[in-house]
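What follows is subunit A paired twice: with subunit B in the first complex and subunit C in the second.
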Partner chain A sequence: MIRFLTRRLSLTLLAVWGALSAVFLVLHSSGDPAVMMAPIGAPPEKVAQLSHALGYDRPLAEQYFSFFGDALRGHFPDSLTFQQPAIEVVLQRLGATVLLAGVALAAAALLALAVGLWTGSREGGGARREWPMWVVFLAQSVPGFYIGVLLVWIFGVRLHWLPTSGATTATSIVLPAATLACGVLPPLARVFRNNLRGELARPYSRTGTALGMSRARVVRHAAYGSLLPTVTVLGLEAGALLGGTVIVESVFSWPGVGQLAVTALQNQDYPLVLADLTFLILAFVLVNLIVDLLYGVLDPRVRHEGRGPR
Partner chain B sequence: MKLLPPPPQTTPETGPTPRTRRPRLGGAGAVGAVLLALVALVAVCAPLLAPHDPLAQDLAHTNAAPGEHGYLLGTDQLGRDLLSRLLYGARTPLLVGVVAVVCGGAFGTLLGLVSGFARGWADQVLSRLADIQLALPSVLLALLVLTFGGQSTAVLVLVIALTGWPAYFRLVRSRVLSLRTMPYVEASLTQGVPTWRVLLYDLLPGVRGLVAVTATLDLSRAVLMEAGLTYLGLGAQAPAADWGLMVAEGQGQLLGAWWVAVLPGLCLVALVIGANLLGERLAGRRPGRRPVRTVKNTATANRAKRSTTA
Partner chain C sequence: MNAPAPTPPTPGLSAPHPWRLTRRGALGLGAGLALTPALAGCLPGDTPRGRADASRVTIGLSAAVTTLDPMNTTSVGTDLSVLSSVYSSLVTRRPDLAIGPDAATSWRRVEPTRWRFTLHRKAAFADGSPLDADVVVWNVERLLNAANALRMTSNFPSLKAARKVDQHTVDLLTTTPDADLLGALSFLYLLSPRWAARHRPATQAMGSGPYEITDYSPGGTVELRARDDYWGRKPAIRRVTYRITPSEPARVSGLLSGELDAVAGLDPQDLDRLRADRALRIQRLDTTRMAFIKLNTLKGPMRDVRVRRAVNYAVDKRAITASLLKNTVRPSPGQLLTDYYSGYTDGLSGYPHDPDRARALLREAGYGKGHPLKVTLRVPSGQYVAGELVVQAVAQQLSEAGVSVRIDSVPFTVYMQKYLQEKAMPDMQYITQAWPTLAAGGLYGLFVSDSPYAYWDDQEFTAAVAEARRTEGRTARDALYARAARRARDQAPVLFLFPQPGVYATAEGLNWRARPDDWVRPADMSWKGAAG
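Moving on, here comes the complex of A and B:
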């Protein structure tokens, strides 16, 4: 367990280091970042003043180290459009994104279970059994924003069933969540289905069948065994989800952190973009860590990795 | 009681292999190849095929419906011929996608060869770098780089390639690790063949098929990413003809002129489906992980072939 923890934690620390280094590198790649952090059309002396205030005139090595502390404590330059610390603006919008991502993830997980059980619990079956995998394949090949645009067109513009913009009523979440779920569903459904097939082919399933267990019961046991890899993919998909929220929130003007980043970019509010994206990237690394630890809790084999036969 | 299903050819313990993971697509690989070839042809021959200049505005006939005023697929909000724009719009996604895949693939393959061959500390460092890269969310990283590192096609290609290389690296590395112990490689090494020749002539041919399959599937990822970033306003800029950009521009006209947004999206879907179909087919038929042909393996492969055809 200790070995697993140290390995996993060291990878997380490495990822945090890599992420922050990348942010720092990109930030300083085009000279003095104060030029971007200052309001548009600010006179040069104003920029120099800001550069000094933010410490951008210090040696790079010194800035590099202080940047880590600042970023981890959420110290970023003030947002230009909101006139307050950028991280506060981000945190105000966080709830909406978490809600959207949570609903989308839950919907995708349920759908993946249904698709996996339907297509994976029996061998063969032809098109009548396999068609959901084709739908999954299609969902995988359509850009997220295009699914969003199509849903807006069909359910908003044509049928007037659902609101297509903002978060005004309770039904506002339906379309963005559905769009986001389409992006996460394919890998989840595939992994669950294939593992279910694999588990059903293992000796314990055959023993169950031989002992006269009902098919439903055999499949249930196999499904438990296939849940573990699915949880891993769920964690990996948290990244796709965060990237997806940026796009989906922009399509539907959902007031979350993703849309905040894009509108800040359009308003050239670069301090806010910096705080927002850095926050999201760090959040992603953390979510991955949590999922991996959860995996260790769920599957004892992972905890005892490298000790004795599996 | 039902008869037990025959045990699958792959061992369930090793997890999903390409053969079991893909949904059965029948002769769909050919459809994929045709779709890809069609898009490539359109991109190359756009000037010959397009009936109008993709940038020429006809402000008297804005948002013309398909077939009206001699415009086969109608016009957009500025009266530009949609068909011509769709034809020209194939260029950027395809070019960015292919160049990014080539760059990322070459980089990942090279590092994978070196890492798997050298082992030791070089392997450790490169593997950790790949881990870090995989631990960072690609869309968010791309947003960050494009915001602070400058918005240009070159940066776009670079950032898509950067987020793609670990996939190649991991596959090539693990393959090279096993190829390295093959007698023919050891023979070369003991005869004093220079390392670069061993890498180039002994190991590279062994991973060629693997890289080709990965690259085909990676093309769909690259195109999806290009389209998403362009939709957010970080790729091609107006008035250029680019499918992702056209969807973004047409989104506001869904009520009156749905074709402006819906048709470019369909083209994108066709391109991505083409790459996915072909890639999956290639992966299914030639699961790059097949070990080097030995008498024993050939016998196993033949047995597998017999049992699937029976």
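Moving on, here comes the complex of A and C:
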């Protein structure tokens, strides 16, 4: 277990380093933020002064090493636009994103279980049993941002039931979370349902039925067996979800780190972009780490083999 | 992070009796459907009418408020609009664009380089400390101290020092006579020295303005409450919520759903949709921002004035304003300024749409069949209202005159880097420019030969602007600016287009006069029929 953990953790760190390096290089090749910061008409020597004060006139390699040196010590420079430590700005916004992603993921997982159980626990059955899957397929075929706009139009503009922007009332989360969940639900539901069908067709289920177990018990056992691949997909989708928050937060003006990343990029606020993305990347690899560890919990074989699951 | 382990299936859901299940499911579904609108219905009346009764407004901002330090931002539409409600300045630019009093009740020029301001006797900060001459002196010193590296500083190129005369009188000294000082001072919001010593102005605020901040998170919502002890005229709107809505569709749906009461800077493309809603009032006007296509007169084909004139003749500006901008603006009369600027020259006329003349000029310059003119036209993506649409229309019309145009759409950051830092502007680039103090000398300063913004080296224009800036008398100065304007019209360093359209929407019943210079001040608003 220890070996498994250290191996996973070191791979995680490597992934974080690689992702941050890529972001750093792409960002710094797009120009000097001092040009954007200086007000209109500022003479070139003022811009140069500003650039020097911020350290953006140093060689790229030097900036790169000083950034990682600082980041390793948990230190991020001040945001250029907010004039306070970038990490503080990100932390203030992190809660909103975690809440949104958590609610969306929980809703999607619960719905996927319900849909999977409803449609997968029995062979055949026609439209009366299959209709939830049709809805799921529809949700999968429509891009997320379009679903968002559609929800805004129906529930905000037409019906005036739900707020379409901001995070001011408790109901504000409904539309953005629903939009996010629409992206995650279909793969989860499909994987769970298909695996459930598969498990139900396996000999142990038949044995259970033959031994006189109730249908509910048989399905329960089969459902446990189908969880493993579902959790894999959940992990992958949780990563995609974090990317999705960038778009959904912009559409619904949700004050989280996704919207912050967009603002920071527009303002060429390098320190803030880096701090923000560090968190998003960390969250991404952390989710994958948790999924890997969950395998161990759900499937004793992974634990005992002492090797990586893949 | 937040991956909940899937819960084990509940026996009820997988029960073998489909009918019991269906009934239960139907009941659940019905209850859920009944509950959603009921819940929504229980919400406090967060509609324009509800807010009107409570003297509240919700304003949609196009970008996040990034700092609360009024000297460290130059974003008028967002940061400064919010902060102008919290802080006061010596003078203010009123909705009719004239300079009016704020913390200073009167001012006069006692010497060419010395302005004397008399302060409002009751002017005070929210903590009760007076806004007196010492406060002004401290603020000017803070602004001018290069070590502070404040962004507002470069708007005050001539300001030298402040001297206290007595408690309520203060002198501002400039290095040269500066007619634009008052305009710049309307941007200088005053902090309390005692408060600033113990607080961080970037994240906290304590001012002498009509409102105080009750809630602020960096980049998130901002909430204001009117101060009961404000020394000036009390605003009619008692509570203000700023909602950060960076995406245009979010602003539009926020207006249509009644969540937002006022939004500035909308896209003309959304006009029809907004107009269809009777609960909204639409205002449109020219902004102080001029849109044009800059021509690189230092390099390439645009060095030739005949080519520059040819592209001006080739483009049908009226067709673009009519179709793409829904007639929100009229083409510019061959001007770099909009008519809000002091120093604007009346009586010029733009280049008419004349493709034959354009082709003739191009032939004269040596272009034609076999040797067509090829140019690159750069546009920053998503930065300017309708920018990409306008550029496509321009490229289409130029191609009809025999010019082959390659459109280069790049992120704004890259665009600025190439424009100002690498000095690598292409033959043409779409840009909009404004000068915050509405002084002709400021905006024309972006076209004088030694400016990195210019890409145009014209001695006659540069000399006229430089002389105008030194000139004291209004008439003589305006005559010099007129010379500069005519020279620019004739030499065509840009492809003249039109002012950037300003489209504003407010909830029906909210009185607010939209203004062309980006300021959105809740103190200027009131609900119809409400007291105050």
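A few comments on the model shown:
We adopt the following convention: the second predicted complex is superposed on the first by the 235 of 310 C-alpha atoms of A that agree within 3 Å, B and C clash if a C-alpha of one lies under 4 Å from a C-alpha of the other, contacts with A are read in each partner's own complex, and residues count from 1 in each chain.
Note that in this section a residue touches a chain if its C-beta (ideal position, glycine included) is under 8 Å from a C-beta of that chain, and two chains touch if they have at least 3 such contacts.
Worth saying up front: this structure is predicted, and the values here are computed from it rather than measured.
Contacts of A:250 after superposition on the shared chain: both subunit B and subunit C are touched.
In the superposition on chain A, A:110 makes contact with subunit C only, not with subunit B.
In the superposition on chain A, A:19 makes contact with subunit B only, while subunit C stays out of contact range.
When the two complexes are overlaid on their common chain A, residue A:47 makes contact with subunit C while staying clear of subunit B. Once the two complexes are laid over each other on the shared chain, residue contacts for A:56 go to neither subunit B nor subunit C. When the shared chain is aligned, no partner comes close enough to touch A:67: not subunit B, not subunit C. Of the two partner chains, neither subunit B nor subunit C is touched by A:76. Touch criterion met: A:157 reaches subunit B and subunit C at once. When the two complexes are overlaid on their common chain A, residue A:93 makes contact with subunit C while staying clear of subunit B. Common to the subunit B-facing and subunit C-facing surfaces of subunit A are residues 30, 33, 36, 149, 152-153, 156-157, 215, 250-251, 262, 266.
Only residues 30-33, 35-44, 46-47, 49-50, 53, 81-84, 88-89, 92-93, 98, 101-102, 105-106, 109-110, 112-114, 117-118, 121, 128, 149, 152-153, 156-157, 159-169, 171, 214-216, 219-220, 223-224, 227, 230-231, 234-235, 238, 250-253, 255, 259-260, 262-263, 266-268, 283, 286-287, 290-291, 294 of subunit A touch subunit C when the two sit together in their complex. Listing the residues of subunit C that touch subunit A in their complex gives 1-9, 11, 13-16, 18, 36-37, 39-40, 43, 46-47, 60, 63-64, 66-67, 69, 72, 74, 149, 151-152, 154-155, 200, 202-203, 217-221, 241, 243-247, 249-250, 253-254, 256-260, 411-414, 416-417, 420-421, 433-436, 442, 445-446, 451-453. Against subunit A, the residues of subunit B that register as touching in their complex are 1-2, 4-5, 7-8, 12, 15-16, 20-21, 23-25, 128-129, 131-133, 135-141, 143-145, 147-150, 220, 224, 227-228, 231-234, 244, 247-248, 251, 254-255, 258, 261-262, 265, 268-269, 272-273, 276. Residue ranges on subunit A touching subunit B, taken from their complex, read 11-12, 14-15, 17-19, 22-23, 26-27, 29-30, 33, 36, 123, 130, 133-134, 136-138, 140-146, 149-150, 152-153, 156-157, 190-191, 194-195, 197-202, 206, 209, 212, 215, 229, 239-240, 242-244, 246-247, 250-251, 261-262, 265-266, 270, 273-274, 277-278, 280-281, 284-285, 288.
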